[in-house]
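What follows is a structure written as structure tokens; I'll ask about it next.
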Amino acid sequence: MKVKPEFDLIPEDGWRKKIYETVYLSDTKAGKIFDISLLILIIFSTVLLMVETIPIIKLQYYKEFYYAEFYITIIFTIEYILRIICIKDREEYIFSPLGIIDFLSIIPFYISLFFPVWHFVAIIRILRILRVFRIFNLADYMHDGRFIVSALRHSSRKIYIFLLFMVIFIVIIGALMYVVEGGKNGFSSIPQSVYWAVVTITTVGYGDISPATPLGKLLSIIVMLCGYSIIAVPTGIVTSEFRKRRGSDIQCSRCGNEDNEDNARFCKICGEKII
Amino acid sequence: MKVKPEFDLIPEDGWRKKIYETVYLSDTKAGKIFDISLLILIIFSTVLLMVETIPIIKLQYYKEFYYAEFYITIIFTIEYILRIICIKDREEYIFSPLGIIDFLSIIPFYISLFFPVWHFVAIIRILRILRVFRIFNLADYMHDGRFIVSALRHSSRKIYIFLLFMVIFIVIIGALMYVVEGGKNGFSSIPQSVYWAVVTITTVGYGDISPATPLGKLLSIIVMLCGYSIIAVPTGIVTSEFRKRRGSDIQCSRCGNEDNEDNARFCKICGEKII
Amino acid sequence: MKVKPEFDLIPEDGWRKKIYETVYLSDTKAGKIFDISLLILIIFSTVLLMVETIPIIKLQYYKEFYYAEFYITIIFTIEYILRIICIKDREEYIFSPLGIIDFLSIIPFYISLFFPVWHFVAIIRILRILRVFRIFNLADYMHDGRFIVSALRHSSRKIYIFLLFMVIFIVIIGALMYVVEGGKNGFSSIPQSVYWAVVTITTVGYGDISPATPLGKLLSIIVMLCGYSIIAVPTGIVTSEFRKRRGSDIQCSRCGNEDNEDNARFCKICGEKII
Amino acid sequence: MKVKPEFDLIPEDGWRKKIYETVYLSDTKAGKIFDISLLILIIFSTVLLMVETIPIIKLQYYKEFYYAEFYITIIFTIEYILRIICIKDREEYIFSPLGIIDFLSIIPFYISLFFPVWHFVAIIRILRILRVFRIFNLADYMHDGRFIVSALRHSSRKIYIFLLFMVIFIVIIGALMYVVEGGKNGFSSIPQSVYWAVVTITTVGYGDISPATPLGKLLSIIVMLCGYSIIAVPTGIVTSEFRKRRGSDIQCSRCGNEDNEDNARFCKICGEKII
């Protein structure tokens, strides 16, 4: 899982270079072991975070979780320091997205030592889960990831128009249902009715609010059929973008056929070699 | 964000022309500022409209909302008058869709001064939100918008057939469930059962009505599997239309046919070579 | 809305031919009026059928509905007799699908005159709604209708395999949840759990049954993610069939290009005229 | 429904060969009858299994179900023995997937004769339903089945990336809702909130947990709109894969590459002309 260096290392000092190779790269055996261990620790600490909030467990094992969090934070802090000391351009790392996430992973614990604001800052720790992206160099997955992102970016304009129409439609429907249901049956205000409209048009359908009047039910039938059909539009947009950009289509120099796949060596229409 | 003039202006009078450029066009700096301010005001007034209906807020801030609505309506009225006085073909604007919406945006307030029918006419004001389409000249978005509309129009016939089948299927299923559940468990009439059938086949599934008898549950399983699969049909129709009209349709120089695909070298109607 | 004669008429008798032209065809003015009237009557009688089951209305207007049904049945009976007497091959009509539906539309009323089994046989009358297919000759819609049907038939084998997997998956999941929830929380038997599995995997999600145990919720998360993703498979099957059979693709005799649309007169690749 | 022999038979003994032909193959009349009977028995026993768990029926007909299970197990055991004695490579069958399922189909009953662990092991019997795959030789369905599997395998990488993003998004949203709803309204822990997030983003929407605070409802609106739109991504991935491998992939005679599309004239790997 080779990856290009992200940051400039300090080449002269052998020990700094060694740390860099272990922490940032995955060529060496130490690098791989570091990556696997870090991945396991990230997943383990996230699971701890989630389980910690279960009331029964919180009551009984509060101390154990605190100690676990203490040790995990120490390990992540050591890792953070290691990442900093072995590179030249330190600010580039500290203010990069991954650097900020690494920082937010450890800072809540230290804050909590001084300020009694544990609950909220504790949740920031959940962002640790984003660190798995570092572990997965995505070298093999990069092509497919870029493919999805590229297709989404090219279709983004059509999606914005679609979303704009959806928002306007939802607000008008919400206001209409508010009047039809007379402000009752859960439709106590336009915001509540808009919430119902979103729940319905996305076909989630909690049922916490649902129309009680006949006219309301008739209107909701129209909303449901719309939501059920409209899903075809963004799906069609995204799917046709996937088809347009099937990887990087290569054009044959002889016959001009653009329909060659990105791993083709010969044109499928005329047989000409592809450069 | 340049846009073609919608209405004939009165070119002689300099001040009328100036107003026209500001209100209808977005080339000048004044025009851009006007557009942004109007957009902010539309969004702000729509949010006010929605928040105004929350019972707690309605009780406490009724006066403030009334004053806000008063001032907003004054501003919109001034804008409406400006739009009228600077063009020649006034009826063309007044009876155009955007013109009617502009009118409906301000008239409820004036009506409420004379008639105590505030609640319903107040909702008409929500149509203000459609005015954002005026602000977004959609010059950049026009191509993609037309693309979606064109694809939908070409696939509309297949969608009508599909909807016809859906309606007939839903009515028959509703009647069947009404008999199976014996008019109980919420299936108190065929219209209620049809409402349940729509809720189920669109996979919304509120749960306000759900079958209680074993046969009813069996029948509902069939309905759910149908609804789950049938969504593939309109999605397939829309997606294949998006694929057919992949981006810019090319117009033939000889016969004017616009229906050529973007990889066509010869016009499919007259055979003329496409440049 | 011209349509080919379905049944052999009796050409000698002028009045029989006239009735045939009016009832079965839509060329003449009388034929068109007949069609429109029949369509209105079908829709009106179906709406009556649905509204009749609303308890409040059933109590108060029982008599009026009975009389309406009486007259409607008389009119449909006259129409049925007309359809029979003006054709030669009578059995062909009587036992054709549309003929059976026409018969079932009127027979419940007559049965109810002799047997007190009104409720169930009344529902058979809802099949009248299928008669709208006769009115819509679908001459214009025939092409698109056949297109959808053809695409579905060609993809049917893949859909059967898909459904087979779904059924097996649903039964196993249902049995598993039954054990995990210990036969409680609504999962009182495997059939009930299978019902829950269908409600969940189709994303309908009534909420009448939902897991209460942590393991049950974990298992349901897997089921939901599967159902959410699996919808892509039948959609993909149907959509790719729609793409394959874009109407009847015509092959160019000169260059062999198969990518011509069905309304093309010239090949889009080489410009050759299409026969 | 001819199928290739799965296991080496013992060709010398005529009676062993006869049994093999009946049990494993479907060419002979005996083979076909055997297959049909087995299929009916599998479906019948699975239905029995499901119905057996309905409380009312379990109370009343416990004995009858026990006897039915006894006889069915005897028949399946005889079949298992037949399958074993007529082949040479017995371990190959016993440890093959189908062999293990056949074993698990009969072993629960025997276990229950010695250990009172009926309830759980009884559910293992539901795996019998997987045995239908043996009956359906899928000779005709094999092509379409491989088509679906092949398309899914080629798109699997993109699907993994998509699922990874989904999981991370769901965990973060769950944690956020937990804080926003303050650990109340059903959001009693992060795992519960993650369960709600999955229920919502897959649009299942049970309604057993739904946000009560305004901020929670606002956040849920965002989650619902995301779930509603995101479904387009896996659908687009799978659909475009179906399109790429449109029907029969053609194998190149020179280099053996099977990855040529069906409209290719030259092999894309070696350039050899495709017949």
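All chains are identified by letter, namely A, B, C and D, in their written order; residue positions are counted from 1 within each chain.
Convention: contacts are C-beta pairs under 8 Å (C-beta built on N, C-alpha and C of every residue); 3 or more make two chains touch, one makes a residue touch a chain.
Keep in mind it's a predicted model, so treat the numbers as computed, not measured.
Taken over every residue number at the interface, the positions common to chain C and chain D amount to under half, indicating a different-residue contact. Residue-numbered contact pairs of A-B overlap by over half with those of B-C, the repeat interface among B-D, A-C or B-C. Looking at A-C and A-D side by side, the one with more C-beta contacts is A-D. Remark: chain B and chain D have CA centroids separated by 43 Å (rounded to whole angstrom). With centres defined as mean CA coordinates, chain D is found 30 Å away from chain C.
Averaging C-alpha coordinates per chain places the centre of chain A 42 Å away from that of chain C. The distance from the centre of chain A to the centre of chain D, with each centre set as the mean of the Cα atoms, comes to 29 Å. Of all residues in chain A, those touching 2 or more other chains are 191, 194, 203-207, 227, 231, 235, 237, 239, 243, listed in ascending order. Interchain contacts join each chain to each other chain, per the touch definition above. Chain D contributes residues 46, 49-55, 119-120, 123, 126-127, 129-130, 132, 136, 140-141, 144-145, 147-148, 151-152, 159, 163, 166, 191-192, 194-195, 198-199, 201-208, 227, 231, 234-235, 237-239, 241-243, 246-247, 263 to its touches with chain C in the complex. Chain C contributes residues 203-207, 235, 239 to its touches with chain A in the complex.
Residues 157-158, 160-162, 164, 168, 171-172, 174-176, 178-179, 183, 188-191, 194, 200, 203-207, 210, 214, 217, 220-221, 224-225, 227-229, 231-233, 235-237, 239-240, 243-244, 260-261, 263-273 of chain B touch chain C in their complex.
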